[in-house]
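In the part that follows, the structures are each spelled out as structure tokens.
Both of the next two complexes hold chain A, though its partner changes from chain B to chain C.
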Partner chain A sequence: MRRAMNVRPAAGARILLAIIPFLLIAVVYVLGSAERRAANPNDKLLPPVSEMVQTTTRMATEPDRRTGEITMVADTVSSLQRLALGLGIATLTGLTLGIALGILPAFNAAGGSLVAVISMVPPMAILPILFIIFGLGELSKVALIVIGVAPPIVRDIAMTVQAIPVEQLVKAQTLGASTWQTVLRVALPQALPRLIEVVRLQIGPAFLFLIAAEAIAADSGLGYRIFLVRRYLAMDVILPYVAWITLLAFLMDWALAKLARSAFPWAYAEERR
Partner chain B sequence: MSAISVRNVWVEFGDQVVIENLNLEIASGSFVSVVGPSGCGKSTFLRMVLGQDRPTRGALLLDGRPLRDEPDADRGVVFQRYSVFPHMTVLANVVAGYEFAQSPLLGRLFGRAKRQAVEKAEELIEAVGLAAHRHKYPLALSGGMQQRLAIAQALAKDPKILLLDEPFGALDPGTRAQMHALLKPLWARLGMTVIMVTHDLREAFGLGTRVVAFDKVRHDPQAPGRFGARVTYDLDLTREGPVPVLGFQKPPAPQPLVASD
Partner chain C sequence: MLRSLIAALALSAAALVAPAEAAPKKNFEIAWTIYVGWMPWPYAADAGIVKKWADKYGIDIKVTQINDYVESINQYTAGKFDGVTLTNMDALTIPAAGGVDTTALIVGDFSNGNDGIVSKSAKSVADLKGESINLVELSVSHYLLARALEGAGLAEKDIKVVNTSDADMVAAFKAPDTKTVVTWNPLLAEVKTEPGSTALFDSSKIPGEIIDLLGVNTETLKDNPDFGKALAGIWYETLALVVDPGEKGKEARAAMGKQSGTDLAGFDAQLAATKLFAKPAEAVAFVESADLVKTMDLVRTFSFDHGLLGDGAKSKDAVGIGFAGGKTLGDPANVKLRFDPTFMKMAADGKL
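Right, the complex of A and B next:
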């Protein structure tokens, strides 16, 4: 018998193993839902799958009577807009600041500890400040995502750039590169694969801040809807919405992982299968 | 011309003296092997000539003018590891040298300028025998091939001085012999001054026209950092050289030769 850490499932078995836990959860849910329905026909906590499909179909296809928009589409669009803006701004800030901190010792001396302190400020605690300064509109929600997500990206990219062997920076200089050229041709390309990894890790927190901001003040959005229908115990809306958010986040993560591997093959040459 | 003068150079890190009162005159076009035990300041000396480290006291001159105190294109370097850029292919690694010089803003060339740079780079890649691997990333190359690439890259800028920091230390003996066979004619043809730090005495004597040994002469058991290294042997291996090898006068050579073996 081989050691457990040396047992590698084949490709087919790998897919099967990946599906099993999802199937188990589904079965447990269906059984639990049927059990509660049998005991109480008005149960709202675990709505049967058929009911959730019905509600989701209605919300995803029929226009809302008051706004005239398809609710789920409108919610998704406004949430993704905020998320994309927030994550986008945070990524750009993280990349530029991170590389500057990593490659310029003087800038690091001036800004390093400031970034370290700022990244410890709990973003949710300053949400009220954002609402007061930027109002209840889109800006405060985007700002929350940026403030929550940018500091870890800055610090991670700064560390990545600092971890580039000094030999490479010296080598670039012996080839005649200026600071700017070294940034452009040596530091930036080597930071990009890590940047994608960090953004992948920050998708979760970004959604957290998005939904928190939407729950408090918004008139559309995935988080807004969930917190709105919570009052009616509308689990048939909440559960599909949660699944939808999860699917969106998962797809983004997957797409970024694919992008990183196709754009930077050199960074994954030694990846363990 | 690329003669290096080292005048009364001291290197100290805190209260630890690494090199004490070093004086060396390195003639233009010579191949100097620097040997000595670990931690005796060989690599510090090399980094100082490179401009990566600065002497605490004293001066380094290149052709009578002070060396710039940061690395520049006058001085090429091959390190033992991490010498090449992992995110560029073999070709891009060499082309980068030309791109830095000609494109200050983007660090990239396009169109005709790029084609010319690629042509020059391919010549160098051919010379170090990597033509078949020009589109591979360094990670896909063996250690010997990576070092050959590093040499091609360093030669792209036609440096006055080539600095080698244990360049073949991590290679197996066969590959190492190949690298020697590659390096020697390149140096003879291009005529730059080479300083090579090595642990391998055969390599030092086989390639060099001059071997300089660093060591600590004085030891204070109570303060190990009190005394630094200095030159303990300085052997000229050219037949015409004035410095006696191990105290013996060399027999007169029939004609001036550069090679030592």
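Right, the complex of A and C next:
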């Protein structure tokens, strides 16, 4: 009797298995939607797929009457800009601060507990303060993402660097390396693959903060649109937007996973398939 | 096996999302959100007035607070509640445009200064040209702004609208780069206290256009007229307390003020900016007047111009609105919002 943990589906079966849960959700949705439509032909809560396709096509191809821009493209561009800036700044901060905290005991003594405390502050709870400091423009949205996702990255990188065996650091110094050279040749290479992993895990929270920021004050963006049309329960806009956000986040995650494996193959040498 | 599993799942999903039953029933639930004109509902529930009238008609009415205004209407539209407190514009654009036939059972009041435009830079509405303005887009604030601009010879394209959550409006106005906001009470009172701000326009200049209602599902009401009678009874008994100048009234208003996060003085100030129809006869007269038809025409024009009636709407006539005496506006075959003075009339005639 083979153990369950050793049953490995073949390539074809694997794809089939992956598709089944999605199909199930789709079938449940279609039936639920048809049911509601039968009771109320104007129902907006669960619009049929055909209607969502129609709305999406219109939003993704036709220019808006009032702004002259293609709504979905304009929303995606402004959201991705904010996200890229926010995640980029958070990643850079995370890497530099994390390595410094991990390698310099004096810096860790001074800043370690501060970072630990700050990372526990829920950013959504101090929004009014953020508004007054950063205003209501683009800056505050990027700042919210940075404040939300940088602390976990900093802490994770600091822990990764601290976990480097002390023998490695001693050996580098024996070979004549300065602090700076140790950072460049010992700590940084080992922190980078982990950095990509952490950023992957932070894509979800980054989107959460992005959408929260756009819900509060904005004139474009994916989150802005969702919260705007929610006012008249336009689920035919909201559901495709949610699917689109999910797809974007999934693609980013997938691209980072690929990047990590091609840039640092050594870090994944022992990965189980 | 798989097929029966799918069938079972679909069935349970369908059961989950099935619309509210419209057959005669005994238990009803209405939702309310914090606003001066709606505070009598929770007070009536706490003071036992709801129970008194519900018992009289042998039914049970639950009064539930929802924290988020739009969410409360969405929940009602989805069939989770039999009634909800909302404005005339939202009644048209959310449930009615969503195919849920809604009756404005009680026309409680209209905003007479409770919604306003406040600016740190502009001194008059005409000065707003080229400014960026923070407001809850597509809400009555947006409608108020459109009407104010119209009056000053401007159009919406002359300004820039930034959608801002009502929960963050007060904090937003404190940010240096926010110059102008459009909002409602109690937030309006709060932003007016900001040094250097000017109140440019308020709803007292468009009286009777922003109306606060209790909307109930028309089908439920038709099958259960007792539900409507009980609600009208509850409402006018509570309103008599609200306008009572004596100790009892003061006590009631203080309780309502406390429940909406202010005190007696704050609640009285908000009440002063509200034209409350304390006597059912006043509400009936308002609903029967031709002005209401004019107002709803303005509101539906605004709603259609902003796409609020949905993509399926080819003109502002798509969603019909019914008025007292069988008058209608828009498609008479698709009347989804009805102003029906029947139950308020019963209250006026003392027939409850």
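In this text, the second predicted complex is superposed on the first by the 273 of 273 C-alpha atoms of A that agree within 3 Å, B and C clash if a C-alpha of one lies under 4 Å from a C-alpha of the other, contacts with A are read in each partner's own complex, and residues count from 1 in each chain.
In this text, contacts are C-beta pairs under 8 Å (C-beta built on N, C-alpha and C of every residue); 3 or more make two chains touch, one makes a residue touch a chain.
Note that the structure is a prediction, hence the values are computed from the model and not measured.
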{"item": "Contacts of A:Thr174 with chain B and chain C, given as first, second, both or neither", "value": "first"}
{"item": "Partner chain(s) touched by A:Ala106 [first = chain B, second = chain C, both, neither]", "value": "neither"}
{"item": "Touched partner set for A:Ala4, first chain B, second chain C, both or neither", "value": "neither"}
{"item": "Greater residue coverage of chain A in the superposed arrangement, chain B or chain C", "value": "C"}
{"item": "First, second, both or neither for A:Met120, with chain B first and chain C second", "value": "neither"}
{"item": "Which of chain B and chain C A:Phe227 touches, first, second, both or neither", "value": "second"}
{"item": "Contact residues common to both interfaces of chain A (with chain B and with chain C)", "value": "none"}
{"item": "Touch list for chain A against partner chain B, complex", "value": "165-168, 170-178, 180-181, 184-186, 189-190, 264-267, 269-270"}
{"item": "List of chain B residues in touch with chain A within their complex", "value": "50, 52, 70-73, 75-77, 79, 81-88, 96-97, 99-101, 104-108, 137-140, 153-154, 156-157, 159"}
{"item": "Of chain C, residues touching chain A in the complex", "value": "6, 9-10, 13-14, 16-19, 70, 74, 77-78, 90, 93-94, 97-100, 134, 136-139, 157, 160-165, 168, 171-172, 174-178, 308, 310-312, 336"}
{"item": "Interface residues, chain A side, partner chain C - complex", "value": "24, 27-29, 31-32, 35-36, 39-46, 54-55, 58, 66, 127-128, 131-132, 135-137, 215-219, 224, 227-228, 230-234, 236"}
